[in-house]
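Below are two complexes that have chain A in common, paired first with chain B and then with chain C.
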Partner chain A sequence: MAKVELKNLTKKYGDVVAVQNMDLTIPHNEFLVLVGPSGCGKSTTLRMIAGLEEISGGEIYIGDQKVNEKDPKDRNVSMVFQNYALYPHMTVEENLGFSLKIAKVNPDEIETKVKDAVSILGLEDLRKRKPSQLSGGQRQRVAMGRAIVRRPDAFLFDEPLSNLDAKLRTQMRTEIKKLHQKLKTTVIYVTHDQVEAMTLADRIIIMKDGFIEQIGSPIEVFNNPVNVFVATFIGSPPMNIIACEINKSNDQIMIQLDKDIHVHCPEDKISKLANLKKVIVGIRAEDIVPIKNISNEQNTLWTFSKEIDLAEPLGTETQLFFKLQNQEIISRMYNPRPVDVGENINFQIEKNKIHFFDYETQKAI
Partner chain B sequence: MKQIKKIGFWFLVLFLLILICLPGIWIFISAFRPNPEILAKPANWIPDRWTLHQFTQMFSINGYVSVPAFKYLMNSIIISSVSTVIAITIGMMGGYAFARFNFKGKNKIFLSLMLARAVPGISLSLPLFILFAKLGIINTSFGVILVYVAMNVPFTIWLTDGFFRQIPKEMSEVARTDGCTRFQAFWNVELPLAGPGIGAAAIFAFLLSWNEYALASIITRTVHSKTLPIGMMDYLDEFTINWAGMCAIAVVMIIPALILTFIVQKHLVSGLTFGGVKG
Partner chain C sequence: MVRKIFRSPVMLIMPSILAIGFVIIIPLIFSFYTSFTSYKLTRPDSLFNFVGLRNYERLIDNAKFWYAFGRTILFLAVVLNLELLFGLGIALLINKITWGQRTLRTIMMFPMMFSPILVGFQWKYIFNDNIGLLNNFLYLFGYESAIPWLIDKYLAMGSIMVAEIWANTSIFAILLLAGLLGIPRDPVEAARVDGCNSWQVFKNITLPFLMPFIFIALTIRSLDVGRAYDIVHIMTGGGPAMRTELLWTMIARIGYKDANMGFANAMSYVSIILSIAFTYYFFTKLVAARRDLGQQ
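Right, the complex of A and B next:
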């Protein structure tokens, strides 16, 4: 029952900086997800909070206590590992009760707490089994149960679902979410899977090379990515990114999407784009809408037609692939109809759905 | 055709097996028959008369003592056990440190430990003798134990390091977030998991001490500290060799070693190959 606070947290391995000056406050009961590509420092951050990794600079507070120098055992946090890390020589029951036994809780109390955890996670029939006799999903559940029985101040999850198959992963994701709602504890969750991040998080932190790129609610980071990296990292398929030249002709600012495709710069961006030569345009696949006839609404829409390279029917939608500036672009066609390769299709994009990024700094404009 | 090949193969295996075991079998047979029969030509494979004479003499069952084998046996047991317990305790801690911690010069220290093993023990015999004589610990169990501990520690470190490495480090990490100190995590989680391996290492160290001859033959002088392998030489007189007695004492030596080897053979192979490929 506590908030977690990181102040200026830094981790260096020799000259290599893994985490750089991280400032973060995680309020009580928040589900925070750290997401980013491998080596971005997300796991290191988690391990520093747990006390398994020494910190090179800065401060960590759990509750109101500074825990920099404290051993993991004194921090009252529970960690769930990617490979479960169940004690192989103990039964499910013993695994769950181990932390209480170490804390010298009396056996009756251990029994009730273990019973609680077992019923929360639906492990009643497996109490006497050894970890080797459990399936992946069951092991994961025991690992979570072991974290639950302690009633820690914060749960730390280190990619807990990446060893499970796709179906089980979705199922366990839901369970983790439910568990959080039931237990009302601070959760810090590390993953490289942006779908997990989007579905679980109250707040997402996107990290890259030891820096926080963006913090926000899932919808915020999805709708308003601060830079190209976040834009392409969050969302599936990734946002289409096109580097375009800006042309000024007859007092109009035109953006060159492709060799023969010039579109008007949206009104509200004119002041910002007027002085630039190039700009990065980002459009989500679902915002590139295939249409029958090109509309004349040039004020609010970008429209063009393009030859299709590939069409992938997925049932509920068909993904259309084509090229702009030699970049592969994906469009999502809801209400799909059969599409032939080489077919010319008309597309429209609503101007207010378009993201602009500075060509040099890659930051959102 | 396939059948014949298979049978041929097994006959070859059997032949090699007998060839390898022959000296052992000969020792066993010879321990239970009178000396003259051992020297008979042509060799008499099945003894005409089986006898426990050598054993009863050795252990002075009928009041007559040929060689004080019981004393030697006790010396062997005490020296091997104590040196094993000490070596495995140190080795376990050392192995854990090498497997889990990073410290300055780690690889060099590990390498030098292994190099210490590469020195032929007998080459140290003279300096060891002089040193021990000056310290006044020649012909004491303590001296022999000291030598065996020094001999076994690098070995037990090497083996236990491999076994600890096999255990994912998350085991101790999760135990530590579960409220354990580093030592509690070691004691409650890592040690039980490495247990079979450490047991194997201990037995291996025990066997090395149990069978050691060269250094013991220099340090031990009298019945006070002689171990079984050295005691065996008591059957060597100026003009005669009591082959039957030697074989009998050899049997006494072999049996515990054989039992222990059977217990650990599985771990022995995994432990040795494991340490071997670790690099």
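Right, the complex of A and C next:
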């Protein structure tokens, strides 16, 4: 039952800045995901909230309390670690009840709470086992159980699924989501996997080099990335990025997608692109649509045809690879048909699905 | 038939058979045999004077031997416990240090670099009642009567223990430090988030992880301390009035000074039971501690 607030939070290791002036309010019951490449400061942020890492500047509030100087034990948060961090010398039951035992909760109450957690997570048959006798998924579940028995103010997850195989990861992802809906507690979840971020989050924070690049709901950051980094980080396969020259001829503003491919600038962007020489065009793979015949509706569409370098059939779709400006471009072909390498394929792109970024600042236009 | 012995499988293990034979089996059989004879070093022909179990019978009736036996157990118990305690303390402190840890680790090992004989001599002069550093130091603070460190029947044993602990605590510290460095960071952090203060983390997480190392150190040191001879021999020679006589000082005296090797060997075989018992006990504990941690 608490919101978490970070004010101007900074972490430095010597001269290296890991987290830079971070401001953030996480309302009660929100599922917040911090996502970014390795070394972006997301884990450091989480560890500072947990109290495992000293902060170099700024303030952290959990509930209404400032916890800057408090030990982890006094913060009433619980944490799930990447490699589970179970106590190897304790049974599943003892692992789950450990925090309560330390808090001197009476044994009967511990018993009930452990039982609850065990049944929520489906660990009934494993209660007497030691962690070494559990599989990866079971260990992960125990680690989560250990976090939930305490009913803390906030759950902190530090890449909890990265040691699991792909199938189990998907399954645990769903379970974490369900768990959050059941427990209604603030969750701060760190991952480098954008799929996890998209599926779990109420709000996503994309971090890079200690800075927040963008905060928003999964749909917001997917549809309106604020810069090239966010655009390429969120979504799979990553958004296609092409640096294009802008040519003005006969009062028309043309964008050069490739050597012989010139397309019209969308109406609503003309004012912004008119004075630029170059622009970065971003198009998601699913928005580059392979078509049979090129349509004439040049007002709303970009169309071109291109030779395919590679086709990867995935069953429900086939990913087509070709090059624009020597950049590898991916297109998704739904309703796939066999495609030969070297085949010329027509593509169309809806103009309103195209993202433009400033060539210099990489920011969205 | 002779040829069969020279077949290659036999030849291949021959080096190890020879090595084990010369190093272990022959001395073992020879010494065991002599414990059933009245073998005296000064009369080689007595080697063939078979006396059956007489040496063992004499030993069972020998009160001095059993006093030495008991004293050795006391010595082991006090020395091992204190070395463990001090070693653990030192290891925990050094583990906290972030700068200069290597240097300190090296410095810490200095006492181990001296021969036990020299350590004995050094402490003998520190504890000397007339010219010893300790009594002279105490004199500065007004203790005018000299304390007979190596002459008093209780103090002598204590003095030897101090020397032994000074020389070998660092072995514990080194082994336990290795253990501490090997403890994964995650369970410790998980425990801190779970609400543990430093002492609770130590008791519930660090110590269980350290247990295997503690028992390895105890096993090694129990064998080492159990055969203590040099320090005792130099500092008190087993005196005063045999009050510091340990098993091996006694055995050495009977075997070499009295030249009564048959009897000494019989004592040695009984003494070895002590070492085996300690080793077995600690090893069982070690296995249990490792199983507890899920390490096989």
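To be clear about the criterion, the second predicted complex is superposed on the first by the 365 of 365 C-alpha atoms of A that agree within 3 Å, B and C clash if a C-alpha of one lies under 4 Å from a C-alpha of the other, contacts with A are read in each partner's own complex, and residues count from 1 in each chain.
Here is the rule we go by: contacts are C-beta pairs under 8 Å (C-beta built on N, C-alpha and C of every residue); 3 or more make two chains touch, one makes a residue touch a chain.
These numbers were taken from a predicted model, which means no experiment stands behind them.
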Item to check | Partners on chain A (chain B, chain C) - clash or fit | outcome: clash
Checklist entry - After superposition on the shared chain, which partner residues are touched by A:131: those of chain B (first), chain C (second), both, or neither? => result second
Checklist entry - So, A:103: does it touch chain B (first), chain C (second), both, or neither? => result both
Next on the checklist: Contact-wise, after the overlay, does A:50 reach chain B, chain C, both or neither (first, second, both, neither)?
Outcome noted: both
Checklist entry - Does chain B (first) or chain C (second) touch A:79, or do both, or does neither? => result both
Item to check | Partner chain(s) touched by A:71 [first = chain B, second = chain C, both, neither] | outcome: both
Next on the checklist: Comparing chain B against chain C, which has contacts with more of the residues in chain A?
Outcome noted: C
Checklist entry - Once the shared chain is lined up, is A:272 touching chain B (first), chain C (second), both, or neither of them? => result neither
Checklist entry - Regarding the shared-chain residue A:146, is it in contact with chain B (first), chain C (second), both, or neither? => result both
Checklist outcome for this item: In chain A, both chain B and chain C touch residues 50-52, 71-73, 75, 77-79, 81, 83, 85, 87-89, 98-99, 102-103, 146, 150, 156
Item to check | List of chain A residues in touch with chain B within their complex | outcome: 50-52, 71-73, 75, 77-79, 81, 83, 85, 87-89, 98-99, 102-103, 146, 150, 156
Checklist entry - Considering the complex alone, what residue numbers of chain A touch chain C? => result 50-52, 71-73, 75, 77-79, 81, 83-89, 98-99, 102-103, 130-133, 146, 150, 156
Next on the checklist: Please output the residues of chain B touching chain A within their complex, sorted ascending.
Outcome noted: 168, 170-171, 173-182, 184, 188-189, 192-193
Checklist outcome for this item: In the complex, chain C touches chain A at residues 184, 186-187, 189-197, 200, 204-205, 208-209, 292-295
